[in-house]
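What follows is a single structure, written as structure tokens, with notes after it.
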Amino acid sequence: MSHLLEVQDLEVKFALRFGDITAIDGVSFTLDKGEKLGLVGESGAGKSVTGFSIINLLSKPGYISRGKIWFEKNEISSYSDAQMRKIRGDRISMIFQDPMMTLNPVFTIGFQMVETIQAHRKISKAGAQKIALEKLKKVHIPSPEQRLGQYPHELSGGMRQRIIIAISLLTDPAIIIADEPTTALDVTIQAEIMDLLQELCETDNMALILITHDLGVVSQVTEKIAVMYAGKIIEYGSTDQVVKHPVHPYTEGLIKSIPGTVIKPGEDLVQIPGMMPTLTNIPPGCAFNPRCYLKDDICMTKTPELKDAGNSVLAACHMK
Amino acid sequence: MFAFIIRRSIQAVLVMLVISLVGFSIKNNMGDPVRDLVGERVTPQERAQIAQKLGLNDPFLIQYGRFVKNALHGDLGTSFIYRKPTLEVILKHAPATIELVLGAALIVVFVSLPLGIYSALKPRSLISRFTMGFSTLGVSVPVFLTAIMFIYLFAVTWHVLPSYGRGETIDLFGNGYWQTGLLTIDGLKHLILPCISLASIMLPLFIRLIRSEMMEVLETEYIKYAWAKGLSPMRIWLVHAFKNTLLPVVTVFGVQVGIMFAFTILTETVFQWQGMGFMFLDAVQRADISLWIAYLVVVAAVFVFVNTVVDILYGFINPTIRIAGTK
Amino acid sequence: AKTLKLGLAADPVSLDPQVQLSGGMLQLSHWVFDPLVRWTQDGQFEPRLATKWERINEYRVRFHLRKGVKFHSGNTFTAKDVKWSFDRMKKSADFKGLLEPFVGVGIVDDYTIDIVTTKPYALLLNMATYFFAMDSEFYTGVDENGQPKDAIKKTTHTFANDNESGTGVFVIKSYEQGVKTEMTRFADYWDKDSKGNVDTFLLMPIKENATRVAALLSGDVDMIDQVPPQDYQRLESDSKVDLVTINGGRIITIQINQNRVEAFKDVRVRNAIVHAINNAGIVEKIMKGTVEVAAQQSPPGYAGYKASLKPRYDLAKAKALMKEAGYEKGFEITMMAPNNRYVNDAKIAEASAQMLAKIGIKVNLKTMPKAQYWDEFDARAADMMMIGWHSDTEDSGNFSEFLTMCYNKETGFGQYNSGYCNKKVDELTLAAQSEIDLDKRASMLQEIEQILYDDAAFVPYHWQNHAYGAKKNFKIKPILNSMNFPYIGDLVIE
Amino acid sequence: MTKFQKFKESYFLYSFKRDKVAIASFIVLVILIILALTAPWIAPMNPYDAHNIDIMDSEIPPMWSDQGESRFILGTDNMGRDMLSTMLYGLRTSILIAVGAVFLQATIGILVGLTAGYIGGKTDAILMRIADIQFSFPYLMLAIFISAIFQAIYGIGSYERLAVPLLIVIIGLAEWPMYARTIRASVIGEVGKEYVEAARVIGLSRPTIMIRHVLPNSLTSLMVISTIQFANAVMSEAALSFLGMGMPVTKPSLGSLIQAGFDFIFSGSWWITIFPGIWLVLFVLVVNLLGDWLRDVLNPKLYKG
Amino acid sequence: MNEDNTILSINNVVKHFDISGGFLDQLRFKKGKIYLEKTTVKAVNDVSLFIKKGETLSVVGESGCGKSTLARVVLGLYPPNSGEVYYSGKRIDNLNHEQMLPFRKKMQMIFQDPYASLNPRKTVQQTLEEPLRFHHPEMSTSEINDKIDKVMEQVGVDQAWIKRYPHEFSGGQRQRISIARGLILDPEFIVADEPVSALDVSIQAQILNLLMKAGRERDLTYLFITHDLSVVRHISTRVAVMYLGTLCELAKAEDLFAKPQHPYTKALLSAIPVVGEKRAKHIKLKGEVPTPVNLPSGCVFHGRCVYANNRCVQEIPVLLTLDNGTRVACHAVEENRIKS
């Protein structure tokens, strides 16, 4: 149990009016101090749900139905709400996707920063402001003093995402969970933000869980990668290995379908036929079987387990 | 800001012109004010003379022109009933209405805010369900029916509250303009029933509005982010969510306060509350056209004023709106 | 110190007793001013400022005035005040019609006056009830705006509209029209014999009937006027309040306009209408049986009252009459009535419309506030129009002069007659005016009633009464009279 | 799948079947509407026809009271009209007026809202300014105002015949901005969407796009506000009648019935006010309840498929 | 350059949006004076380019740089403030609704948002039918159905879906329907405004393949708008790079990716993350993107450009054509100040 964070056989359900649906089914992974983990997959694969269940902030009908989460040797999945609040935003910070929506439009940047510190530390307003200023400098925001008095709408998207990063740094957390932190931003700014995150993790020895659907981003930033499909991790291992030598047919297809990776311009891209099933009608057996070019009878009936596929990569595929 | 004020003023002037024009064009059919002034024994010739003297027989445009000219000098004509400048009559009746609306507005604010917020936070609790059910019932009962029932129960049957009028009033500034009922026990007692029945129109609306706005705000990303920052529930609800809820509510409140002024016509009639609405209906029934038109003009002005204030207020609490103009 | 809170349907429009001739103004006059004589409950004259009077000749009556009477201003009341008030009254648009028969007031000495008429005039004493004394000194000169203090103006500010100095039992403390009038008992009031003990008299207008009743029932006011008939029972059954009604003598009619509808020219049709309308039913149901059903203009006790004239509701006969006149199939007419002038006016009209439907007359009814109604009435805008009339002189002739004489623009006779004309009625009415032999006069007036009855000149309903409600310890019964001038000065609160 | 099957499987019906309040309201509303529409056939008498009314029958209490008569189940009013019949006819009149008024409001509002929302620019500015100005003016006052104008224009001889259309026009004119605003907001929301642009790329003309593409997509918000406006119109009519500016005494609507009853509130003839009062409240209540439910179901945020 | 097979050309197109509202909104009060102030968004500034038959021209640039606006000007959805648009040599930017109709058949558009681009109240059938019925009223119902069937097959939409409503489909399926609508009139020229940006990678590949296939089979010309450079590289013949409403660089795809000229293009290219490659140091830009309301003077990029000098601040660079046909608007390139 020396991992900073350990997620064990996590299952998350949403209680909908037609009955419960399972959004995450038996997800396990670990994260060490200073380690960077990428969580990739298509929309609806369960990436965000995984992220939110770590800080126990699932939206309304969602609940953790099975599994344990250990953080700094404590089992936080059994924490009460009040106990959890001490960890949220303090030891584990989160960065959301759309910086335009994440900050409360009616409060100044300073207000939103100060309250975060004061929620976790007994500190005067002036003291909190000093910390805020320091962190703003850390994320390379020009004229930080002035920003404290500004409202979110007065800032550009890139600037706001930096401020959100600054807010998540306020309490020097052990882990930052970044849920698609750059999807809403332009390419040039996206690159800057990723640089910044990488730099901060390295200087402050913070762990990062980077949730994204962009394999390119993941492959450049993280050391480990977990590929999700229909609520399960189907491949898990070191980034280099997974990207260069994908084991699971899905990972493979995913990488090949990105223009510019394997295929020459103008030629047809490799495509995975069909689409990811919705949670209400996941096929029996391997969820990927309708789209798989390797499928066999066993794939139609038996759900594959994550197992060692060599080179310290785990994959869930009968055929490998 | 500047453009905003200009726009508002132009709007106000426009409204008043239209209102007064329409008002004027129907004045001849409103009834004959002279008939209200004289006893039934006065001969038609004599009445004609009085009408002549009052300028009631001049052509329409001349009368209207005169009205506009005088209005520009702050003179909105003389009330036949009260034999005083209409503006003065209205000003004297205004405090009663203002106190009524104020009281009702306070009730609305202090009841709808906690109830609305609570039923947004705990939509399934018994109190919330009861509140929502009650508020649906509330919007379905006409205000005059509420008022009649109140009088019947509280005044006539149980004798706990007075049935009509303003009770004991105190001259607030000593100049006879502001008779306030707020400073005497009796005056306050008289306020209770009319205020509650007036508030009963707006209350359900606001509970619903606050509830739905709050629920919407609670779903936003920034509230989720606030949770992720580890803030306490109270802070999230009462600071983060509340302020965002307030924004649309304030705007609607501005409009609704205006509408409340109109509903005073009904409440004031039932409670014989000597305010502007009462005066207005009286003016309609007794064909006091000058007072009638002046009232409309004043009310138009009040609305423009209230809306302007609300917009400015809105600008204050909502940093993303700059009143200056460009969106 | 006893206080009376009186809730009135309408409050006085001014403090000037001569600015408007209306019930409300006359009520106030009786509280703040004093007349030469006033009516008692049983229709007699009671000396007020005049202590006694005698007829000098056909044209002249001498009045002896009360000595030691003070105005509210402190001035002493003398003959010159009576003359001054009379002269001012002659200038009032509202009163000048009433004063037609008078030449003027002659001062004999400080406490004696002669009232002189243009022709022999039987009703001089009746008229003397309108002679309220105003403080001539107080009302002389100019006010702060440079306007003469005695100016009579309805629509603008005048000194007299907002200030008063009478000899009456109450002094105005504050007057806020439409809201509240506050009066206190005049310390120097001459009538020390009065048992009245109201020291403070608050007058509140409460227009809405139900609210006014509620105010009394809830104890917010001590006394109200115009109790609607439907609430009589409620007041009577309430242990804390009393209901007092008194005959009023205001005839309620609906006039039939022969100039607008051809069929109305046929006396059979008019008779059919009168027979179709169940005025007794209306009295029983709408007026709750508290008033007397009428078949003529004059109420019982008036000179013109003819006891043999009986209400004649008979639906079968009405139908037969319609048939006889050739209108078996009926026709359509319009009807108008006020909705805030007489007791249950709109309801009476509505019931009448329903009754007329039964003989095939389809009525398009419109009711409206009186301010609009009088306009329409002047224009004779509908085929049947409601009007109620109370004789100013408490005498039968007055009804015909205004309601049934042929309408004549010059003389002003028949001013409120919409569409009936019979020369005989005119002749008789005029003759009765200057007939001072009271018996002869009475038979003339009764003859008029008979003609109108036979002609079915209008639809008579009932004589409206006055209904007051008061808390039990307010002994209002003795102070009421059929003129509807509650003498609050004499009110005893136990 | 047929339309009907589709409807049977829809979320709409599903959530309706689960909501007891909605079902109850719907049933009550349907019953009330049927009662109102069939009033001429099922009412014991026609209270609008003076032939049937006898003043001598006035103020008879409900059947079950001591002086009640079996002829008049719910008693009679002060004119001798059967309460039950009058309430049925009154509801019918109220519904008629409300439907007419809502229809008028919707017509004006949709025209203005569509024009303003789609054309935009100056047209939009002017139209919305007018709507704003009118909107900031309380409708009750406007209604009184318009009512005075119409009475002035048409005189009063034919008032009885004109009262229903007049009230429709009055309430309709006083409340159209609500529609205009909603439609405009929804149109602006829709016009920004790409399917409208796609229609333009195809070459469809503006009116076609507005009517065939934009309007159908604004129907949801239209439906929701229509229920509110319908309830409002019933209340407005009642308020106007209460102030004596509504239906004539001879053809009472629910509002004028309550108003007439107000005079009898202390007299012991409670049924004259209470029955029409309950009747009105019940009707408005079920409309509002259904409106609430509709709003929840049709809320685009909740309703995705 | 061969002008003959040019299908579309735009010359000096300028499109500004007035967002200052009514007369009263424009009133300003400053230093005791009242004056009117108009606020305009300068979305497209003096852009000229042409597209040859059969090629795919991509327009790339950051959000708000005027890509979509340009596309809409081309299709006549926005009238340009100045400049001209020619289609097959005929000027089309000044045509009225009727005159434009023949061109509408030839030019179609595919949109970004698969959820907003289909009318939620129309079935697939109705959506596909509408353009046909409008432009070919003479076609019989069976002809129309045949046509619809054919197109649906081509874009891979199941025939059984025809009576369904858009909300019953996934994003990728909707995008296919959208493409079917674009193809149903047999156009020659298609403007695709970020057709794959909202889709997942695996679906994105399907759609891109579909678009390329349709392009080949029907000899289509694409104006392809995107901000995803890897997509651009994959499908384009030529690429136009836009920044703040101006065209900075226009080059053959392979040239652009091999040897970008404009400093902005360089920065853009260096920012693309490539799968399996560790982050190469990308070129950092200074400052913030200015708003198109207050355009910078001179070269719009000067505020963020490391090569900017005085001339860049003052003088607007014109497009100059390099040897390989690449056109670039940059003083630094012209003066050869950039050492690569």
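Order as written gives the chain letters A, B, C, D and E; numbering starts at 1 within each chain.
Throughout what follows, a contact is a pair of C-beta atoms (placed from the backbone, for glycine too) under 8 Å apart; a residue touches a chain by one contact, two chains touch by 3 or more.
Since this is a predicted model, take the numbers as computed values, not measurements.
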Chain pair, A-B or B-D, that carries the greater number of C-beta contacts: B-D
Centroid-based (C-alpha) most distant chain relative to chain D: A
Whole-Å gap between the CA centroids of chain B and chain D: 24
Inter-centroid spacing, chain C versus chain B (mean Cα positions, whole Å): 39
Chain centre separation (chain B, chain E; CA means) in Å: 53
Where chain C and chain E are represented by their mean Cα positions, the distance between them in whole Å: 88
Junction residues of chain D, two or more chains touched: 262, 265-266
For chain C, residues contacting two or more additional chains: 210, 214, 217, 368-369
Residues within chain E bordering two or more other chains: 21
In the complex, chain B residues that touch chain A: 220-232, 235, 239-240, 243-244, 247, 317-320
For the chain A and chain E complex, residues of the former touching the latter: 42-43, 156, 158-159, 186-188, 190-192, 194-195, 198, 213-217, 219-221, 240, 243-244, 253-255, 257-261, 263, 265-266, 268-273, 275-276
Partner chain A, residues of chain E touching it in the complex: 62-63, 170, 172-173, 200-206, 208-209, 212-213, 227, 229-231, 233-236, 253-254, 267-268, 270-279, 282, 284-285, 288-289
Chain B residues touching chain D - in the complex, by the definition given at the top: 11, 14-15, 19, 22-23, 25-26, 28-30, 136-137, 139-145, 148, 152, 156, 216, 219, 255, 258-259, 261-263, 265-266, 269, 281, 284, 296, 299-300, 303-304, 307
Footprint of chain D on chain C - complex, ascending: 209-210, 213-214, 217, 228, 230-231, 233-234, 278, 281-282, 284-286, 334, 336, 339, 346-347, 350-351, 353-358, 362-369, 376, 381-382
